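Naming follows writing order (A, B, C, D and E), and every chain is counted from residue 1.
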Amino acid sequence: MKKLFAFVLTIGLGVLMIFSLRANTLFPEFGDVSIADRISALFLDKSVNGDNGDVVFGQTTDAEDGAANLVTSIVVDYRSFDTLGEVTVLFISSLGVALLLGVAGKQKRLALNFKPNFMLRVGSRALFGIILMTGVYVILHGHLTPGGGFPGGAMIASSILLLYLADDEFRTKVKGFKVLESVAGSLYVIVGLLGLVLATYFLQNFLPTGTVGDLFSAGVLPIVYVLIGLKVGSEISGIIDHFLTEGDLA
Amino acid sequence: MSAVLLIAIPLLVAFVSILSKKLAPWLLLATPIANLVLLFLVPTGIVVIGGFQPPFGISLLLDTYSFIALFAVNALVFVIGLLNVKEYHQFSSILLVALAGLNGLILTNDLFNLFVFLEIAGIAAYLIAASNKKPASVFHYLVLGAVGSSFYLFGLIILYAMFGTLNMVDMIEKINAATVSASALILPFFLMFVGLGVEAKLLPFNSWVKGVLGSSNTMSGPMFASVYAVTVSFVFGRLLNNLFAFQGNLLVVVVAILLLGIALGEAMAFSSKKAREILLYSSIAQASVVILLFVNGLVLWGALLAVANAVSKFVLFYVVTKAQKEVGCDDLDSLQGMFQGNYVVGVAFSVAALSVIGIPLFAGFVLKLGYLTELAANANWLAIAVILVASLVEGIYYVRMLVKLWYPGEKEVKVSFGNVATVVIALAAALLLVFGVYRGPIDNLDNTIDSVSEVIDLG
Amino acid sequence: MANLELLLLIVLGTGLVAYLLTKVNQFLGSVFTIAATTFAFVSLAAYGFNGGLDTTVQWIPWLSFSVTNLGFFFAIIIVFVYLMVSFFHPYFLDHYKYPSVYNMLFLWSLAGVLGTFFTENTIQLFFFFEFIVWTSMFLIPMGKSKKAAVSYYGFSAAGSFAMLFGILVMANVSGSYGLSTGLAALTGSGKEALVFVLFLIAGFAKLGAFPFHIWLPEAHGNAPHPFSPVLSGALVKLGAFVAVFALIRIAPFSVTIDAIALPVAQWIVAILGSLSIVFGTLMAIREDDAKKLLAYSSMSHGGYILVAFSLLDSVAFAGGFYHILAHALASAGAFMAIAAVARQTGTTKMSELGGLIHKMPVTYIVYLVAIISMAGIPPMGGFISKWLIFQAVLNKGMVLVTIAVFFGSIGSFLYVFRPLAALFLGQWITKYDGQVKEAPLLMMIPMLIITALNVYTGVFPDWLLGVTNGVITDLGYPALQVAVAAPFTLNGYYGTLAPAIISLVFAVGVVVAAIIFFVLKKSRKVTLMDTYTAANFVHNEELLHYTKDFYAPLERLYEKYTTKMRDFYNALAYKVKEVGQLAKYLFMSKFAEVALFWTILILIFLLWGEF
Amino acid sequence: MIQYAAILLFVLGLYGLLTNRNVIKIIVSLNVLEIGLNIFIISIGYVSGGIAPILTSVNNTSALLFVDPLPQALVLTAIVIGVGTTALGLAFAKSIYAKYGTFDLDEVEELK
Amino acid sequence: MMLLDIVSIVIGALLLIIAFVAIQSKDLIKSVLFLSGLSMLAVVSFVLLKAPDVALTEAVIGSGLVTALFIFTLLSVKKEGSKK
């Protein structure tokens, strides 16, 4: 009865919201969006700081933003500050997980209920390499193709997760993750500060942006994405480690 | 020098601080101080990030309004860190991130950026609350906080779809330019209001407060009751004056929520027997008062009241949580006569309490008089009546509490506060006293703050 | 000090000095307190009576003062009570938890008093009002009960917040916080009724009049002994001050009741005042604690004051102002006498005391004179004021009020006599053998001064009535005719009164009685055991005087209704608590779902029918 | 269509939060809510006939119709934030279990 | 165009059904697995809405890592339960 009431209530709310949005004349119909009215129109044209004309893949050089992947250009350039915050969120989550699950004293692995056989172990080692490499690729080409620091970092983390799953005894050095996390995070802020010092503004792209579409293009973007990838990878690995180990409670 | 350093430095220090457990507490103490110094060095105005002019890039805004809040937040974080550095040293990095998040919340001029900082501050808050060792209540807070920020994001996205921008100032200009019917804005505005209302402790969205503040300790209590409260109030104030244009039904609902929050908050406090519970319900009511002032457009008074409350609540919560820790219980009856050996702390506590009630000679009185006058000038009699009745109830339970804490019961209660804490608390109370008598600075602020809404401008 | 603000600042400063001095040595601090209050009184009196009080020089920004006859009248009385009471400090301080704070807050509240009565600004009025409240609030729990402070604060704050609301409304009308400009702007603005009610609530609450009387016995009865005279003789009069404003200067309704030529609002206040008189009298009659009894008597006297000022008539005003003075003196005297008793014996319960006249004759005289004045019997001040009030009430022809006024007068005979009989007369309690002495000299001084003044106000009222006439003419009413027919007489509506002659008659009577009592004495002392009445032997010394259940038959008539008002306020507090519990249940009990539920509900409400 | 499904997904998450008292289920509901929100945000930027906002050698001029990249960037951020919250929530769930021996909040209330 | 509409209707319906099952299911593991499925469907819809970046991220983080964390939590708890 209570559930039915809640169901009717929430679905009713949903329907009301839909109707409200439909009645809203300013709210665009699905698919009927006029990007020209939005700030992202200039992000697409890479002409926030002055009209650049057409941006052509492989030809345009020294655009205000050199990334071919326009989402990346927003994530790590136009709205890089958000991304810094986002990294911080992940950072503090991993801190929190460590605080909550990291019991002082000897830590031991959570014993999994199955015994991985030899094939699994070898296979996962091999797979580990492949996933890791994919992750690195995704990170490095974040400004050109879909992907970037976040999925890449998560891939790195999943490759490490694979090692955890394949081996009961496996534990990485948490301390190492910590250092990596700290260094990557600090470097991100420092890159931002360099922007402030070398150019005028915090997080400003102070390197030449090169030709749109090249691997070595887009100025600091790839660097930042690598840092993000490392940071995300190490943070998520740290979280996984904490979930898979437990303190000597007894 | 740029105001962005106020966010970047705590972040950088936080990232570095996880490397050394020994160094982290010192970094925690040094950072707010550095920020306070910086605050006076950096120029005010719009701070562009990444070299993209607003509304395209993210921008921050440092004006008198955010200056007040930043000053209060950094000073309070320093003080709270100072008092808890020994006991909660493992929270240093978290407090640093929290500081970055709070500074960001105050400074940011971008709606989505606000969401990000809301999450940073929020997650830091869950962890600070985790120091209470009550995982269930913190989980509760986490769920509400997550839902709240999702609501905020939902509202924000609807606004983006409608107006195509994320910059606050740009948004309000577009809203004013587009002749939108009020009903179209109800959904996004209310969703955002709820999202922030969770953190601001507004009445129906604040069931987390009891679990978190009701079992708070010397760190989490002052952190939530003063630092977080002041920040969220200021964020609310900024949005209420620069974005939300409440009209019609929505205005009625919002005002009703706030008035209910004031009245019921005091009633709940009146019906409580535990010191921390009394304080937390009282702070619910106070938060509603502050936001009510913002809704009525009294930016100056809302801001000052938020700061004054933060200072008083810091003293009240610190004293009570400390006593709770030493006595092991925060029933008023079991704390009777705890000020007998602690005159200074007792006087400071009384000053803070009297200031919250709004009694002459203390800062709360000047403010109360100020905002009541303004409300009267707007002929907002209902709000005045509710606030006055609420302060009557508030006064009664605070006086009851003060009398109990000063005059001993059957059992002798000994609480030792330590020299540092005593000095800090006394200084905080002295501030309340000074601003209760000398209102020169407030009069000077009058003009500057009123012009804040004009300062916020793309130029 | 000719400058009022400077005086105020000095008194505030002496508070701090008194704190430090008392820390060093309690006696020293108390003597300093006496000196400080003396200084305040002397400067106020010396400059005030010649109109030499200066308010033009501004020492404190934002404050503005003005000296009016009304304010000065109240201030001088109250400061005088403070002065008298301060003499008690050396003997009482060591009983209290925080003696130095006691002295400090005592002086600070005095500063508040100075500020209140000379204010020319409504906000400032509220400021000092509240200032007095919290300074005196912390003094009360040093006595017997901790709860008393809470109810004192509650009612005082209810009053002052109501006043604040009124002030804000007034400022909204007039555009400034000036007291006189505000009052002037109010007429014809349509908001008079609201402001009138709000101010009256403040007056009633502070005066402890009928619906707000609960705190009086609590606070007066449980306050430290030397502070009760201040509360009853002085601070209660703050309420009278505000009530005077409301009743005389704000005319809320143009509708008047023709038969008595009074506006409706004033008539209602008169009825409420009468209720206070009756209620206070009835409650006092059945009270066992002497201090609480006097507290209830304060309530009934507050009723007299309200009745007097609601009549809008110069004879009544003269009576009212004179009653303020007379009651301040009388109740201060009575409370001080009780305080002296309490100091020497440690209790104020009438059922535990008796026969103190043998050990404390002077205190007995002080008390006797005070209660004679309270009961309104010549030749004391209370008689003059009551005579005037009776005249005015009779002249108006208000039947109910007249009955109440006379009932109160008769009732006060009944109750003030009881402590006299119980404490001082009757059987000596052997428990106190060898312990009780007369009060020390320093305490004697103020008691004797007050006694002398009680008599003086009753015998030679001319000069003081001249002072009150100044106040009355300030308020825009014709002065009372004093010393017109002959020296030392005053005119009412029904004849003239010559207090001096009456007093002479009384004096002769007393002398005759004394001669009979002392010279022609034929009585013999009998010990309690030495009895053979009704063939009963008394084996141990029981207390045989009739202090308990003295008026039992009368009490039985209304016993059931005595707690009604208290129950009402308790129920009110309980309701607030219940609302709080309910709110906790509705909004705070469960986890996220509760909050979500409300949010969804509100959202649905908002979106419903919007498109 | 998918936009409405997203809104309904959002309120379905709310429904889950309203009815579930199990910690894990609450976090699952929270994730449902967030997924719904993310789809909604993406749908805001969708343009009929638009292409993914990535410049390649094939579609190399800005005259082409791209979908709005900004909501996508926002969702990237939102997803990562969601993961952080979920991880933290699960950590709290673990410590609730360690302290009370149950995931059920009703039982936790009783045990308090 | 028609095809996209049909596909999106199907996906929308599936999303809702799977979400409902995930919320209603009594078995925690099942609930988590359905959440993972929901996440995968979300990936599909992201692709449909021309958001490859988001799709990739959601695939790796949303359906991969989050599910793993859920499972680990349940795993550790189950083990403790069996111990007792």
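Following the convention adopted for this analysis, a residue touches a chain if its C-beta (ideal position, glycine included) is under 8 Å from a C-beta of that chain, and two chains touch if they have at least 3 such contacts.
Note that this is a predicted model, so its numbers are computed, not measured.
Both chain A and chain B are touched by C, D. Counting steps between touching chains, the shortest path from chain B to chain C takes 1.
The most central chain, judged by C-alpha centres against the centre of all protein C-alpha atoms, is B.
Two chain pairs are in question, C-D and A-C; the one with more C-beta pairs in contact is A-C. Distance from the chain A centre to the chain D centre is 15 Å, each centre being the mean of its Cα atoms. With centres defined as mean CA coordinates, chain E is found 19 Å away from chain A.
Note on chain placement: the centre of chain C and the centre of chain E lie 76 Å apart, centres being C-alpha means. Remark: chain B and chain D have CA centroids separated by 28 Å (rounded to whole angstrom).
Residue positions of chain A with contacts to 2 or more other chains are 9-10, 13, 17, 20-21, 23, 28, 33, 38-40, 43, 69, 71, 79, 82, 85-86, 89, 92-93, 96, 100, 146, 150, 236, 239, 243.
Residue positions of chain E with contacts to 2 or more other chains are 51-54, 57, 61, 65, 69, 73, 76.
Those residues of chain C in touch with two or more other chains are numbered 591-592, 596-597, 600, 603, 607, 610-611.
Contact between chains, as defined at the top, is found for A-B, A-C, A-D, A-E, B-C, B-D, C-D, D-E. Residues 62, 97-98, 123, 127-128, 130-131, 133-134, 137-138, 141-142, 146, 149-150, 153-154, 157-158, 161-162, 164-165, 168-169, 171-172, 573, 576-581, 583-584, 587-592, 594-596, 598-599, 602-603, 605-607, 610-611 of chain C are the ones that touch chain B when the two sit in their complex. Listed in rising order, the residues of chain B touching chain C in the complex are 140, 143-144, 147, 151, 183, 186-187, 190-191, 194, 198, 203-210, 249-250, 253, 257, 264, 267-272, 281, 340, 354, 359-361, 365, 369, 372-373, 375-377, 379, 381, 384-385, 388-389, 391-393, 395-396, 399-400, 403-404, 406-408, 439. Chain A meets chain E in the complex at residues 69, 71-72, 110-113, 138, 146-148, 150-151, 154-155, 157-158, 161, 236, 239-240, 243-244, 246.
Of all residues in chain B, those touching chain A in their complex are 2, 4-5, 8, 11-12, 14-16, 18-19, 47-53, 55-58, 90-91, 93-94, 97, 100-101, 104, 112-113, 116-117, 119-120, 123-124, 126-127, 130, 135, 158, 160-167, 170, 178, 180-181, 183-184, 186-187. Across the interface of their complex, chain B is touched by residues 17, 20-21, 23-28, 33, 37-40, 42-43, 48-49, 77-82, 84-86, 88-89, 91-93, 95-96, 99-100, 178-179, 181-182, 185-186, 189-190, 192-193, 195-196, 199-205 of chain A.
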